[in-house]
Amino acid sequence: MIANAHQSEHVSLLSIRDISVQFGGLLALNAVNLDVNAGARYGILGPNGAGKTTLFNAISGFVDPSKGEIKLNSKKLDGLPSHERVLRGLSRTFQITTLFPELSVLENVLMAAQVDAGKHQVFWRAANSHKEVMQRVEAQLVDLNLSRLALSTVSALSYGEQRLLEIAVALASKPSVLLLDEPTAGLSAAEMRSVVDLILKLPQDLTIVLIEHDLDVVFDVSEELSVLHFGNMIAQGPASQIREDPLVREVYLGEA
Amino acid sequence: MRKLLVLLILTGLVLVACSGSAIEEAATVPEVEEVATEAVEEAAPTEEAAPTEEPMAEAVNVKIGVLNPQTGGLAAFGAEVDKGIQLYFESIDYAINDNLTIELTFADTAASPEQALEQARRLVEQEEVDFLLGIVSSSVAVPLAQYADEAQVPLVVTVAGGTPVITGPDRSPYVFRTSITTGQLEPILGWYTASELGYSTAVVLAPDFSAGHARAEAFTETFTAAGGEVVAEIFPPRGTTDYGPFIGQFNPDDVDVIYAYFFGSEAIAFVQQLNEFGVTPDKPVVSPGFLTEAEVLPAMGDAALGVISATHYAPVLDFPANADFVDLNSGAAPGTYLESGYLGAQVVAEAIAEVGGDFSDVQAFLDALAATDLASPSGPFGFDARGQSVRSLYIIQVVQDDDGNYTHEVLDVIENVSQDWSP
Amino acid sequence: MRFWIFQLLNGLTTGALLFFVASGLTVVFGLMRILNLSHGALFLLGGYVGLSVQHFTGNFFLAALAGAATSGLMGLLLQQTFTRTLLGSTFNQVLLTLGIAFILNNGMLAIWGGLPQKLKTPDFLSESISVFGVTYPSYRLFLIVLAFAAGLALWVFWERSTLGAVVRSCVDDREMAAAMGIRVDLVFASVFAIGASMAGLTGVLGGPVLGVYIGLDFEVLLLAVVVVVIGGIGSLNGAFVGSMMVGLIDTFGKASFPEISYFTLFAPVILILLLRPLGLFGRILPE
Amino acid sequence: MKRVLIVIAVGFLLAVLPFIVSGYWLGLITQAVILGGFAMGLDLLVGFARMPSIGHSTFFGLSGYGVALAVTRFDVAIWPAVGIGLLLSLIAALLFGPLAVRMRGLAFLTITLAFGQLTWGLTTRWSSFTNGENGIPGISRPSFLWDIETVVGYFYFTLLIAIAISIFIIIFAESPVGISLLGVRNSDTRMSALGYNIHSRRTIAFVVAAAVGAMYGILNVFYNKFIGPGSLSWQLSAQMLLSVVVGGPVSLWGPFLAGSGIVILKTMLIGTTQRWPMVLGLLYVVSVVFLPGGIASLLPKVRARFEKMFRGRVTE
């Protein structure tokens, strides 16, 4: 999949055409377009209520757009239930932590890893007896510095650790596109730094779409940006260009 | 602290509940066992007092397992039957002759076949009772008859009558029934309603369960055979509280008479609502005796006046044994459930006396039961060859006596009614 | 025609009684997220107390008052004693309130015996009157009118009064209400007690129609839970519409298709739930 | 593997019971094992997936009715009748399950109640076929490797099957599917975002619990040699639901213990006091106030092990 995307650089990996989402009388997204190339670090900027999470929900299948088209790797995703989009290579995190509070860190990651390994329909042998799954889980935990917490329950973790785990769980699905919904929200400056470092260290062939309202984080991580404002895409382009965009400055500095 | 409070309140609740049970004191288990053991203790000293007079018969203790519902929807009836059984044994001081004492062990069937089976096993296998007595619910009777047959323990059914099969051609030799079965009441009532009372069109109402259907069918059969016509059959579900929807299904002007089989709370609700909706007193009602039990009459009030029932027992029957029975019940009018318990106890006591309390030969006890011939509160009593009671049936009507109390008046008697009765 | 008017009135009577029981259940549930499975027992307790009071005083309204007061106090006692468990997990709530229902049920059996009884209708309502050519008991008509009046009064209280607004705000957002200085614990206790006393009152009001007997507690509970779920948790409007619907469906179902009356009652329930998992008027996900 | 070994060890321990206790007790314990096992299966639904069903006796009763009706109405031989009984329950579960799993919490409770009442209503009303509330007596036990007509024989038969089912449940609970049930219990969106089909996961929990119930339903009908509507009443469902809660959800052994304990306790209480429902209710209240985590929480070490299902084992 990823190799494919590299070959044909003109076709973007994730392509969104004219997506609109309507909640009753409120137009949460208005004919939004987005193209994300394979391997990109793409940022979506916007103040609270701009429709960023709604956009993610539409991509990952948690809300149905009233019109428009979403393609991953040139294949239409529209109408697919969210769990099937995961199998197509799409994985996301949530703004509000939605981990399994009663389970251990390891089990949380395992839950994701066993799906990608195709073992999630197995009911005749123990979940932890699949060597390849367990190896992957452990590798994932090592990657994110969570090994020492492997056996702690999630509810015992600090908020920062939970945010990290949130990313680890999303990564364990081995996605081609990772959607990160405000990964640094509510973190201290130091914690924020470590999350940004982590994102920067992720494999280059992994496509990342990041929602943020923190400017520093967005500009640190992403090369290309879109700016959402009240459901409208008001600017799109390379980070350097967006930084200078007068409209963005107005919206953003007004907000900040 | 809060938990302590919880505990205190809970204990309080239980105490309240226990002390509140004074109303049915006589029926509570501990009381019974006390009475029973007292009886044993009383019997013992008399033996010691006269040790040498004659070769002492060995002291025998007969254990009877009593299975009736003490909880659930039929609890009230179970309590009455239990009370009737106790009433009889108290009247003979839980003793037959000097050396033979009776011990009752009660268990709750909750009118559930599964629970009844479990409790029957406990009584027979753990408590080692000599035989079983009781059963109110027809649905409990069949599996229990099956158990009695397998375990070879005598079972005397005192109330459940909706299941003719347990005293049918394939009946177990271990099963007897002192109560009447469907064939001994409705056929007579159907025939009587058409031929003797002269009604020709009827609406039939009965609860929607097998006994209800069986009774309605039995009534319809002889009623139509005698020239009557059933215009409508209505089967409200069990546990119906509001009979409005069903009373609304027939036009009272279209029928001469209403046949209704309901009991307990359903009977009260039905009779009252029939009156509220203006159907009675204009239209006559005929029913099996359960509809106008002595116990429910006060709750029904005027609404029940004039209802004609066919019954195997009524408090007003003029027999010496009935006078004794009413006396034992402190003069209050006994209902048919109390009578069922009392009669059952009387029957088994006779048979126990006959075999001298010896249950090593169960067959002897069964033979003694089969040979029963006694003067019961409801008249002459015996069994047919299949263990089913043969007794009299009475046509009674609800009236108000001079003191304003609701009671019955006997209109007619049909004697020697067996399960194979035909007009 | 006679049949339809007759059954319509019957359905409304059942609906009226159900509404009184279900409204308390639904508000308590919406407000505190407590599914009180002892609600049916509180209903029956009111009925029995009313029965005794009527027996001794002969006064129906005194009976109604006593029934409502006893159940209200019992409800308050339960709420105060078991606050922590009640506000805990759903499972523990079910266990606790069902346990209490068993205790109360058996306690009432011990005190009042198993013999089914019935309250007498108050004298001035004991006559039947003719409505559209159908002879109908005036007491039942009184219940129907009372239910609509009470429904309206509750609605005005709920939507228009300050106190109603307080309760509603607690339903919508408990933390926010507390932050605004509302004594949430006080609101909880009083709503629970009022809900319980409404159940007790209904036990008395229903006494002349339904009777008073052991087992009625669970029958009423079953229907009330159905009403709450299809009406939508915490919604008074839902409780009213749900009660009338269940009352009418149950009545017409029993009258027209008695053999399958379980089907006629539960099949629409299943259908409504499948189409509207939150109930007709519900906004709260029943957890 | 360890937990499977524990089950087998407990099985062997129980196997000496016939040499110790009377026939009566053995019969009662057989009944206790049946309902305890049913509760253990229900734990997968109620405890793991946190779906409080108050209609699961439907499947317990339906399989029994299937056997009884096949034998008495259609003269089917007993072993094939067992197959018919299981199939009947399975079909019902596949019919009700996919609809019911769309509900959550109380709505799920109500819809399972509604399905249960429908089935109950059908069996009590269709008297000409099912014999109504009188039930069907006279069901004889099948022939097996040893004589299971005797109390001892049937106890061993029940024990053997209960061990087999328990081993299945334990293996299932630890499997990828099993732990995914722990995931759907409180985080629909997350599970969906991980690639799990929520409805199908919940249906699996529903059907597996139903299947376990159906198998114990078969054991029950042969134990009583009788089946009545009581076997699919909501009261039995409630008793099973309470067993899971009293036992401690997700522990599996807790619900088993509570389920069987309640059977024995109830039978003993009925023999002691007429006020047994009150005492039982009191025990429920006391247990929830003093042991909110259920019986399983009494043994903190064991609890820790079982609650955090895989924690200890993944590092082994």
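In this document, chain identifiers A, B, C and D correspond to the written order of the chains, with residue numbering beginning at 1 in each.
In this section, contacts are C-beta pairs under 8 Å (C-beta built on N, C-alpha and C of every residue); 3 or more make two chains touch, one makes a residue touch a chain.
A quick note: this is a predicted structure, and the numbers were derived from the prediction, not measured.
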item: Innermost chain, taking as reference the mean of every protein Cα atom displayed; value: D
item: Centre-of-Cα separation between subunit D and subunit C, whole angstrom; value: 32
item: Geometric centre distance via CA averages, subunit C-subunit A, whole Å; value: 48
item: Distance from subunit D to subunit A - Cα centre to Cα centre, in angstrom; value: 42
item: Separation of subunit B from subunit D, taking each centre as the mean of its C-alpha atoms, in whole Å; value: 36
item: Sites on subunit C at which at least two other chains make contact; value: 82, 103, 106-107, 110, 259, 261-262
item: Per-residue overlap in subunit B, given as positions that touch at least 2 other chains; value: 6, 10, 13-14, 17-18, 21, 71, 208
item: Residues of subunit D engaged with two or more neighbouring chains; value: 125, 275, 277-278, 282, 285, 289
item: Chain contact graph, described as a line, ring, star, complete graph or other shape; value: other
item: Complete list of chain pairs which touch one another; value: A-D, B-C, B-D, C-D
item: Subunit B residues within the subunit D interface of the complex; value: 3, 6-7, 10, 13-14, 17-18, 21, 27-30, 70-71, 106-108, 112-115, 117-119, 121-122, 125-127, 138-139, 142-143, 146, 162-163, 208-210, 213, 238
item: Subunit D residues touching subunit A - in the complex, by the definition given at the top; value: 171-172, 174-180, 182-183, 185-187, 189-198, 307-311, 313-315
item: Contact set on subunit D toward subunit C in their complex; value: 46, 52, 99, 102-107, 110-111, 113-115, 117-118, 120-122, 125, 234, 238, 241-242, 244-246, 249, 275, 277-278, 280-285, 287-289, 292
item: Subunit D contact footprint on subunit C (complex, rising order); value: 29, 35, 82, 85, 88-92, 94-96, 98-103, 105-107, 110, 222, 225-226, 228-229, 233, 259-263, 266-267, 269-270, 273-274, 277-279, 285-287
item: Of all residues in subunit A, those that touch subunit D in their complex; value: 60-62, 81-84, 86-87, 91-92, 94, 98-104, 106-107, 110-112, 114-116, 119-128, 130, 134, 150-151, 153, 169-170, 173
